[in-house]
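Encoded as structure tokens, here's the structure I'll be asking about.
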Amino acid sequence: MATKHDKPKVGEAPAQQDTSPAVMALPLPPGTLSAENQAYFDKCLEKLGFVPNVLVSYAHDDAKLSAFATVYNDLMLAPSGLSKLEREMIAVAVSSVNRCYYCLTAHGAAVRQLSGDPVLGELMVMNYRAAELSVRHRAMLDFAVKLTETPHLIGEADREGLRKAGFGERDIWDVGAVAAFFNMSNRMASAVDMRPNAEYHGQAR
Amino acid sequence: MATKHDKPKVGEAPAQQDTSPAVMALPLPPGTLSAENQAYFDKCLEKLGFVPNVLVSYAHDDAKLSAFATVYNDLMLAPSGLSKLEREMIAVAVSSVNRCYYCLTAHGAAVRQLSGDPVLGELMVMNYRAAELSVRHRAMLDFAVKLTETPHLIGEADREGLRKAGFGERDIWDVGAVAAFFNMSNRMASAVDMRPNAEYHGQAR
Amino acid sequence: MATKHDKPKVGEAPAQQDTSPAVMALPLPPGTLSAENQAYFDKCLEKLGFVPNVLVSYAHDDAKLSAFATVYNDLMLAPSGLSKLEREMIAVAVSSVNRCYYCLTAHGAAVRQLSGDPVLGELMVMNYRAAELSVRHRAMLDFAVKLTETPHLIGEADREGLRKAGFGERDIWDVGAVAAFFNMSNRMASAVDMRPNAEYHGQAR
Amino acid sequence: MATKHDKPKVGEAPAQQDTSPAVMALPLPPGTLSAENQAYFDKCLEKLGFVPNVLVSYAHDDAKLSAFATVYNDLMLAPSGLSKLEREMIAVAVSSVNRCYYCLTAHGAAVRQLSGDPVLGELMVMNYRAAELSVRHRAMLDFAVKLTETPHLIGEADREGLRKAGFGERDIWDVGAVAAFFNMSNRMASAVDMRPNAEYHGQAR
Amino acid sequence: MATKHDKPKVGEAPAQQDTSPAVMALPLPPGTLSAENQAYFDKCLEKLGFVPNVLVSYAHDDAKLSAFATVYNDLMLAPSGLSKLEREMIAVAVSSVNRCYYCLTAHGAAVRQLSGDPVLGELMVMNYRAAELSVRHRAMLDFAVKLTETPHLIGEADREGLRKAGFGERDIWDVGAVAAFFNMSNRMASAVDMRPNAEYHGQAR
Amino acid sequence: MATKHDKPKVGEAPAQQDTSPAVMALPLPPGTLSAENQAYFDKCLEKLGFVPNVLVSYAHDDAKLSAFATVYNDLMLAPSGLSKLEREMIAVAVSSVNRCYYCLTAHGAAVRQLSGDPVLGELMVMNYRAAELSVRHRAMLDFAVKLTETPHLIGEADREGLRKAGFGERDIWDVGAVAAFFNMSNRMASAVDMRPNAEYHGQAR
């Protein structure tokens, strides 16, 4: 069953091979996919070779899957003053604060792929402050991480810091929006213990 | 201009009356609304007497407004094992951790209205632990607040706690999803300093 | 009985009406009031329409009630370089850090009344940093909140910050004294679960 | 001048001997003492050989000195189910959390004197959890420290813990009241940088 | 020069190829190695293909290098009730709390190699709580992480937890010693910004 | 038996006098000392009148004792741009953050002895920020404490701060190394509940 939770324990003999992947901790039966979402899943299979487990998790309710995918795709793929790599760097730096295993795995792979720099992906996962970043990227990640750790302390001085690093008003919205989104996504993944697809681990090393 | 940031300072004489409401700190010009979103705004005006400033903020980009509204309406209004009041209680308890002025104001009002209990709204804003809650509500809010404060510590024992308090698997998803969403929404509001509509303050007191 | 703890649970049918108000979690019998304290209670009834529950709580021991009232009245009502509103603003900002339901309710009402600005009261409860404050008020509240959160980090630079914002030496004492007092009062309220009088909630909305 | 702030720097030659003791960072001139407070100071000199600097600090305003002394003496010296040593143990454990140099010095000496056990004084300053305490004392200090660190998390279970360790309702008030008071006093000392009298350091070693 | 700090900035053209590896932020000239340490370095080159940069960093002072290597080798390689993999798991879980880029990289690779399980290495880096661990390993890592985050809260109950999970007295020493050591090593790496050898990143993926 | 854990409980009658000192919580039998370590213990007895319990604790394994003593003696006694007093000041300030009873006791005594200033020892234990320190010492302790509390936030600006206060590159290594070492030693002491020798308490008061 697609939603079975089946992580191998270290040092234990595996139970007989279960053909279904572990996806999350809640045994919610898969819903019926709309044609649009079925096409989306088919495209994932074609392009990635698998459907990301976050989408499989949401698939217990087709409307929720559609809503999630719409927000996600607008945020990460639509035109923006931030490059796709920059958006993925924010995703990983935020997920590192929240120690989200799913998002660190999936988006860490994305940073490695988009940058062609496996070490940059590791640095975002481990401690972005140890990376030697451009002024723009350091300002962007400092804002995203402060918004994650102490949102009540964000003020005009922080937005002004982004402006000084070259970000426009719309870019500030986008930095905030990506950081905010992963604060949701990290927590959804933790709430139901989403498990990343095994394929991510070896990508672009 | 609709997006001007114009909060009165305490003890200062107000500048000449500006007819436009303060909405957020970023001076993004309003985008062109789709027919669907225009209808949504019209419905807000008709039912509430105003368009919530979170929607006005997102309106600089019609696609982002649509995506946000879709997720929000699915989460807070679609059928669920959680009542609408319960979802609003989660919204406020999470926003209290994050000290989000916008969300505490707007959703604090919602708790007062849906419960008919102004004191319950105040308790969710100030410290939900001071409220004398049913076992179900205490478990629900404890999970939501732990997911907010320390998502990396959520584990099977926490989900089991919800099950013991009577929540089903789908309900656990919904508790997590509402708490996760407001961790996004609180941060978006802080990132751009969204200002709540003045109407909320006096509602259902 | 005056000290019965009788908060209604959400969604539960209330027990038969108990005529005594809920005051705190400890069933301490009321002590005999001195003539001075009886006069004080009478004055409260006359001016406010009720005796604040913090005073009823202390009334189990007349000497403790006198000591508390003396400190409180000196601090909040005696001549000072800080206005009464400013002292109440400190009270609420400190109580917000400590999430004290009693003090946020009672002193939130005081800010609303003294300022004639219901929104200012809400801002002090929710996040004073979201208020557009004068330099003086922001410096005052930043000092009070730092003293609350990390008293061991307060140093000469912090006092110098108050001086630059126009506070004199005696005013610095008073900012510190009010902030320090509510760190006591918040904890006394939490230790015994003091319940605010219902009258506060609707005042000056 | 009595309020001059004159701490010697490590490794610097001392300036010529200043005959006035360092008391606090605010240069507030001493007020005129009432007869009652003059008698109190005289008694301190007679019994201790010095007037504690906290009292000298408050002496810039006779009414504030009286109010402080009344609360302090009621709390620490009046009859209670807690012994004087127990109240001093709470004082030091709370001051350790807040890292208050003044109170750790003055009340650390008090624990050494009242217990006749210099090591117990050190343990309260450094980490009360390293002391091998009776169940009663451990419960008392755990409550006091939780009330100090996270007052918003104190609930009925914490009070019940004190009851199980043998504390009565009035004793619970007193544990809370002493812990709460030192959360005020620590912050007042930090706000104005009160300096402990040199005499404390060598007492009862 | 061997100690030059030469991290490439993201998106910047690299300066002309520098033949010396980046090791740490302090430009300390390498000291003269003793015959014993030279042999140690030779053995590293032979077995690993490189000398770990932590050793190169310490090599500015031969005595410090010897002392460090002695402690390290005793701790991680000497006979113990803990397997080498278990010691590396502790190393990574502790380094994750302290977000130490050097140690996460080097010891993350060690976990992947010793376990033959690349995913286990990632889990230790990201959030060990997301791994499905045996009771023994969960207890071991919970102790190590608590000792890292709040050493002042470790008490007999924590040691008893290890005993219940099957650890002997000497094993408890070793769990504590490995966790304690990486709290030193993480901070030494952060103090001087040690850079991990590039070889680690791709090992055992 | 040398490793019996035998702390007197406050207010309990002591059991019949046990002639062996309490050393730590783990009942590990003492190992056979090498000639070198026996000579080291003899020298301690001769110079101090006792063998520090940290050494007795490590003596269950002669190799671990040697490794620890080598690192410790290099760090605290070898030539350095930091005086021995400065190294002890770092030791105590770090141990204060970690609330390590053993190290605060033993190294607090060392600060008192080396400085001839009992108050300086107390200040390092209680809150080094309350001491009036030279710019050099304040910079040194600020670095050590930041490295202790948030090692992941240490960056070039922090090293630059030490340079501005007059520290050379090698001195920066030494500040970092001493602070890092006590983060290990504090945690080893907490892991096994090491008890300081009684002699320290009264030294150099």
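As written, the chains take the letters A, B, C, D, E and F, and residue 1 is the first residue of each chain.
Just so it is clear, a contact is a pair of C-beta atoms (placed from the backbone, for glycine too) under 8 Å apart; a residue touches a chain by one contact, two chains touch by 3 or more.
None of these values were measured; they are calculated from a predicted model.
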Shared chain contacts [subunit D and subunit F, defined touch]: C, E
Interface repeat test, D-F vs B-C, A-B or E-F, passes over-half contact pair overlap for B-C
Would you mind pulling out the distance in Å between where the CA atoms of subunit B average out and where those of subunit F do? 51
Whole-Å gap between the CA centroids of subunit A and subunit E: 28
Note: subunit E sits from subunit D at a C-alpha centroid distance in Å of 44
Which positions in subunit E touch two or more other chains at once? 99-100, 127, 152, 155, 193
Among all the chains shown, which pairs meet the touch rule set out at the top? A-B, A-C, A-E, A-F, B-C, B-D, B-E, C-D, C-F, D-E, D-F, E-F
In the complex, go through subunit E and note every residue touching subunit B. 127, 129
Where on subunit B does subunit C make contact in their complex? 7-12, 96, 99-101, 104-105, 115, 117-120, 122-123, 125-127, 130-134, 137, 193, 198, 201-202, 205
Subunit D-touching residues of subunit E, taken from the complex the two chains share: 152-153, 155
Contacts from subunit D onto subunit C in the complex sit at residues 25-28, 60, 63-64, 66-68, 70-71, 74, 78, 98-100, 147-148, 151-152, 154-156, 159, 169-170, 172-173, 175-177, 179-181, 183-188, 190-193
